[in-house]
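Okay, so subunit A shows up in both of these, paired with subunit B first and subunit C after.
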Partner chain A sequence: MNLGFTYNTMLVLAGVALLGGAAGVIGCFAVLRRRSLTGDALAHAALPGLCLSYFIVGERNRHSLLLGAFLSGIAGVGAISALRRWTRLKEDAAIAIVLSVFFGLGIVLLSVISRIPGGPRAGLESFILGKTAGMTRDDLGLITILALGTLAIVVLFYKEFKLITFDLEFAGAQGWPARSLDFLLQMLLVVAVIVGLPAVGVVLIAALLVIPGAAARFWTQRLGTLLFLSALFGVFAGVTGAWVSANLERVPTGPLVIVFASLVFLISLVFGSRRGLLGQWLQQRTYRRRFEQERLLAMLLERETGMIWINEIPRPFGWTKRRFRRTMDQGVKERLLEYRDGGVILSHEGTARAALVVAMRRSWRELLQTHPQEAPALLRLDLSSADAMDFPLP
Partner chain B sequence: MPGADSNAMSPALLDIHDVTVAYQRRPVLWDVDLTIREPCLLGLIGPNGAGKSTLIKTALDLTPRVSGAIRYFGKTLAEVRQRIGYVPQRESVDWDFPVSVLDVVLMGTYGRLGWFRRPGAKEKAAARECLDMVGMRAMAHQQIGQLSGGQQQRTFLARALAQDADLYFMDEPFAGVDAATERAIFSILGDLRDRGKTVIVVHHELRSVPQFFDQVALLNVRLVAQGATATTFTEDNLLKTYGGRLSILDAVGQAVQAQEPTP
Partner chain C sequence: MLLAQAITESYRAFWTIAVGATCAVSCALLGCYLLLRRMSLLGDAVSHGILPGIALSVLLTGRLSGPLLLLGAMLFGFLTAYLAQALHSGAGVTEDASLGVVFTSFFAIGVILLTRFLYHVDLDPQCIFFGMLDVVALRTTIWFGFEVPEVIPTQLLALVLVLGFLLLFWKEVKLAAFDPALAAAMGLRPGLIYFLLIALVAGSTVSAFEAVGSILVLAMLIVPPATAVLLTDRLAPMLLWSAGLALSSTIFAYVLASPAWFASNTAGMMAVVSGLQLVLAIFLAPRHGIIARGIRHFRLALRIAVEEILASLYRSEEGAPTALHQELRDHGIPAWISRLALLRVRSTNLVARSASGNLQLTAAGRQRAEEIIRAHRLWEAYLDKNFDLPADHLHAPASRMEHFIGPQMQGELARQLDSPERDPHGRSIPPVETTTPSQQKPENEYQ
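Presenting the complex of A and B:
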């Protein structure tokens, strides 16, 4: 095992970094345009072309192989459009058919090639799961040109791509060549897939397109930031995957890249600032606790005795004892409640708050009855906005 | 000849002539003629599948037509693109898209900006003003995913306003919006007409037609009738458009009744 950065390792890492970045950016648009599966179908459809071009050119020339892959990938996407257009098949069915038919054909061709005496079977097979070890300076050159070209086009057409990805029809109505721009975006997807094939492989390249964008979605709501983050995640997944693969014998690169991409995705899913699971759970809990507190305050105000025993769980609440105690403790901590004779009563501050809660709820109910059509707006009101509005107290 | 009728001194604002559209050999619009000479609020009325949205999309060249000619202000669409505004159906886009309300409204200025130029301070100021007109200035920086249906519709409307067109097509702007939004849209429509603009609105709810529109076009694959609401929005014409379906007849009765008390 060699952890040093040899010339070759540097070459590979630079290559996958560029690849990951470009795939992340283009993948974002694919996800937003609901084309996640197109990338997958494209990659699988590329395999037979790869094999055929091996038959035709005869030896393992990288560029001619990629050209074959490119053409058959486009044929696959064309087949999907044709199936959708001329038959009653829905898009998902069309994608599933094209993906499996082309891939099956590719595998058949691959096994035929493996029976040719002296056929370099291993060379072609690395396209299935990806291998970066064999990357040459030549390959890096091609990747650099295409990846930087892709990024340059996205920067140049940022406004136009944003428009057609959000609202293709509006773009068309405004006079933009919306279909052509969309086609350009799709071609960039094809290029990203084909260039990524040798490194990540037919089976998993779609994941490198989709996962960084999907992960970035948990952190931002701005398209620019989304593209940047997605590129960053793509670079990270590519570089770590390739680096680990270079240091572990016989582990193909593709799966490792996806493992690291998935790691980023999982972290984003849980901790993401926008709709991350943890954030959502905390938000829900905060809301529930506030709701419970308001209920307790209102109940205390409406009770004749003005107090609730600590050991009592008022029936309409249906709470557990622990939850009830916690709500009381929190209320005391916020000086809304006070402990008195084995129970709690409202503090001075608490009484005012409780009155507000009760008044607010009553008005709310009345407003919902008298103005049911304004319900959506009414639902947005809460205690803090009531405070600001100087809600009339009873 | 389009626009060569009696008062041919100034060309018609919109002249849809002999338009036929078919999806896979099944006609959706058949020989439709629709001419608008004066600025107006025109309600495009007809049953489901009558081709209302298709007519709009055809007029905007988003759907290919089998035959027919469409002229705006006596010119072709390509010559006057920026003077034509469009409000698509609200459901036609993904509202979880990562852009802010202001971003969406700014898209209205893209056509004027042309290739590669990004919106600047001037465009942003204009977009904010349009948000003001729909009562959503405070929400400029909110993500569109947080908007209610009515707010989504207002955002779309603001985007169209930002384009500052002379003729607008709106595809069901009143569908599924709250009362406040309905009022807001209605007042903006009136405002546009007062400024000499023309608005063509696909509309579903018959009862509000006399209140909202001064002109109507009744469409069911063919154009049944077009003209001033007072004279064209009649029970007779509605029957020709909708046929004798019971539920519709009810609505017709109510609509015509609603029309009568208005001075």
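Presenting the complex of A and C:
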């Protein structure tokens, strides 16, 4: 396979990787502040600014276009908070309104521009989808500045950002300039969106901002680790996406980067060490098996014969034969049960454990009966903490 | 020749407006529920998330229309909503992030499918993203013997489905919009309503996207309902307003986008016009508009200032030292309001200037002042009796409350306190004069 590391590919790889990292870090804060979709709205809101600056400056001057997009992005952020402050509309409606109305204005302006002789022709499509393959050294320079600037600001204001991310009101009450810091975070978001727009387009810059942060949440609760992982995921998605699309025909880079980011998200969703689906399932299985074992022990203790036939499935349990056998085998393995005459009985250890289980259940029942109003809180305690509560045995 | 041109022109105008209006109205009606359930961004997510469905059905049939397209888009629209919900409730991802993850991923997959496999299909991406309302009216087909635009049958179907849904499930939908938990408790199955709603949003989105594009659909879904919610507090008028605003935005947009004005994209202009309608409503709405609220604030401030002046003069008659302007400033009343209030009390003959040049209460003014002082001191007595507050903490809350305690509330307070004659500071509480009807004071003007 041809690795295809031409100069241009290297440029694109570096650009997308840096963009992914920077967006990962900034997006992480956005996700934590529940502002994931603000990036999406901002990206759409940049279009009228692009068009207006084209009107005013007249020629295709990159920097003035970026400035226009930046200003209209800020206007978008301002409009969202103005709508929330001055009307009875909620945040979601405000975001949706700003996104769609600004974008509509942009399209109107664009359709007017496109009739100017010598105006841009394919501007719209590259605005939506981005033109990653057409990345220039100028673009790379801007992205590098963005990435380094973001890194510097986040390192400088790490403690402050941490505080306002988790409790804005508390930060304000402690005397931090919480609103200004929040504004700084939003400005970082605007800058990231504007710089990323030419590279990956409107929808996909929104994705780069949301997906790595959301994926990193499945691995850790610590902000530092979260930011690092999020940046790492962003870089990984950028590099793999750019590399694969360089080797495939007719596959646009931007969307491919997002697909790899989603892949990282899926892997995190399943295998994540915190709230990952696999971990959740395993934990539930452990609880369920322990619960089943305790039921079996309690039943054996309470039976007059003190034994259960191997082929008998106790009626109230509603288990399958397989499940019943597994619970029995496991009990024997843990030396809580013993096989005797085609059935199982409690071992010495098992009797003690069963007595404890029965006593604990009785205590629980009493506790729930005497304090019914505490039932929801009590039921939320897991089994291990119930163990630790050390109930008096009857 | 000129006549023929005029006929062609008005024909085009009619069908463009008809196409725009049918999708705008059905989106605006559905959007009311999205807005009330705070699911506005679901509209955004669904309108992007349907792209793989569109790509797959184009891949299968080779054309950008037909029932399979509608089905594919609805499937993916529903999948977007379902997956986002599952991520939120099953894996604890915050609502906004789960929407963002799902719809951007779907959108990316859709774009890849379109560019990788469908480069040979004559598919203008502009059409998908921004709509071609301007040319839609010209692509016609024969339907029941009439020549109508190709998209009209699908759109009418969407509109009929939306209207049918609303009329059939009016009660259920109403309850589900405002209180899903209560709806569930009453056995009205808000889950089913939600399911139908999402399916309809996806259906309307896809039937509209050819005309207005997948992004501007959001403007149609959310902006007219957001405007309507500022204009009314009831659901049925909200739906009517929303539909009416959608219709008017289509008509104005067509005019503004015509060559005589800006000669621009009509779909984009629809979003802009609905945005302008929203801005107008933000300022001019009868109850929730900024101007109406400003007037209400102004009148309240003026009334409070007038009452403060009267109360202060009353206290000075009792012998308390007064510094009227200082007091007004302490209440946070701006100087210009105070000046207006002084003019007001003079002109309404509540206060007159005495021979020595001091302000004095007239008989009418004294009566009004007594009411305020009575409210103030009753409230102090009430606070003193029911709350463990030090004596110097009673005045401030009472000065705020005195403006909002009307005759009825005063009666209630007096009854609870056994008609006290003195307040906690030992000053006398003016009794109610039963002979003259007390001036009407709104009980709860300001919420």
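FYI, the second predicted complex is superposed on the first by the 339 of 394 C-alpha atoms of A that agree within 3 Å, B and C clash if a C-alpha of one lies under 4 Å from a C-alpha of the other, contacts with A are read in each partner's own complex, and residues count from 1 in each chain.
Everything below uses one rule, namely that a contact is a pair of C-beta atoms (placed from the backbone, for glycine too) under 8 Å apart; a residue touches a chain by one contact, two chains touch by 3 or more.
Just so it is clear, the structure is predicted and the values come from calculations on it, not from any experiment.
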| item | value |
| --- | --- |
| Partners on subunit A (subunit B, subunit C) - clash or fit | clash |
| Partner chain(s) touched by A:Met360 [first = subunit B, second = subunit C, both, neither] | neither |
| Subunit B versus subunit C, judged by how many residues of subunit A each one touches | C |
| Which of subunit B and subunit C A:Leu156 touches, first, second, both or neither | first |
| Subunit B versus subunit C as contact partner of A:Ala199, first or second or both or neither | neither |
| First, second, both or neither for A:Arg250, with subunit B first and subunit C second | second |
| Which of subunit B and subunit C A:Arg217 touches, first, second, both or neither | both |
| Contacts of A:Leu226 with subunit B and subunit C, given as first, second, both or neither | first |
| First (subunit B), second (subunit C), both or neither touched by A:Ala173 | first |
| Clashing subunit C stretch [against subunit B; choices 7-15, 97-105 or 385-393] | 385-393 |
| Shared contact residues on subunit A - subunit B and subunit C | 34, 217 |
| Interface residues, subunit B side, partner subunit A - complex | 57, 60-62, 78, 81-82, 84, 86, 88, 92-94, 97-100, 103-104, 107, 110-111, 113, 115-119, 143, 145, 148-150, 159, 163, 169, 178-180 |
| Residue numbers on subunit A that touch subunit B, as the complex places them | 32, 34, 156-160, 162-163, 165-167, 169-170, 172-176, 217, 220-223, 226, 373-374, 376-377 |
| Subunit C residues touching subunit A - in the complex, by the definition given at the top | 35, 38-41, 43-44, 48, 87, 90-101, 104-105, 107-109, 111-112, 115-116, 119, 125-126, 129-130, 215-216, 218-219, 221-223, 226, 229-230, 257, 262-265, 267-272, 274-275, 278, 282, 288, 290 |
| Of all residues in subunit A, those that touch subunit C in their complex | 31, 34-37, 40, 44, 83, 86-90, 92-93, 95-97, 99-101, 103-112, 115, 124-125, 128-129, 203-204, 206-207, 209-211, 213-214, 217-218, 250-252, 254-256, 258-259, 261-262, 265, 269, 275, 277 |
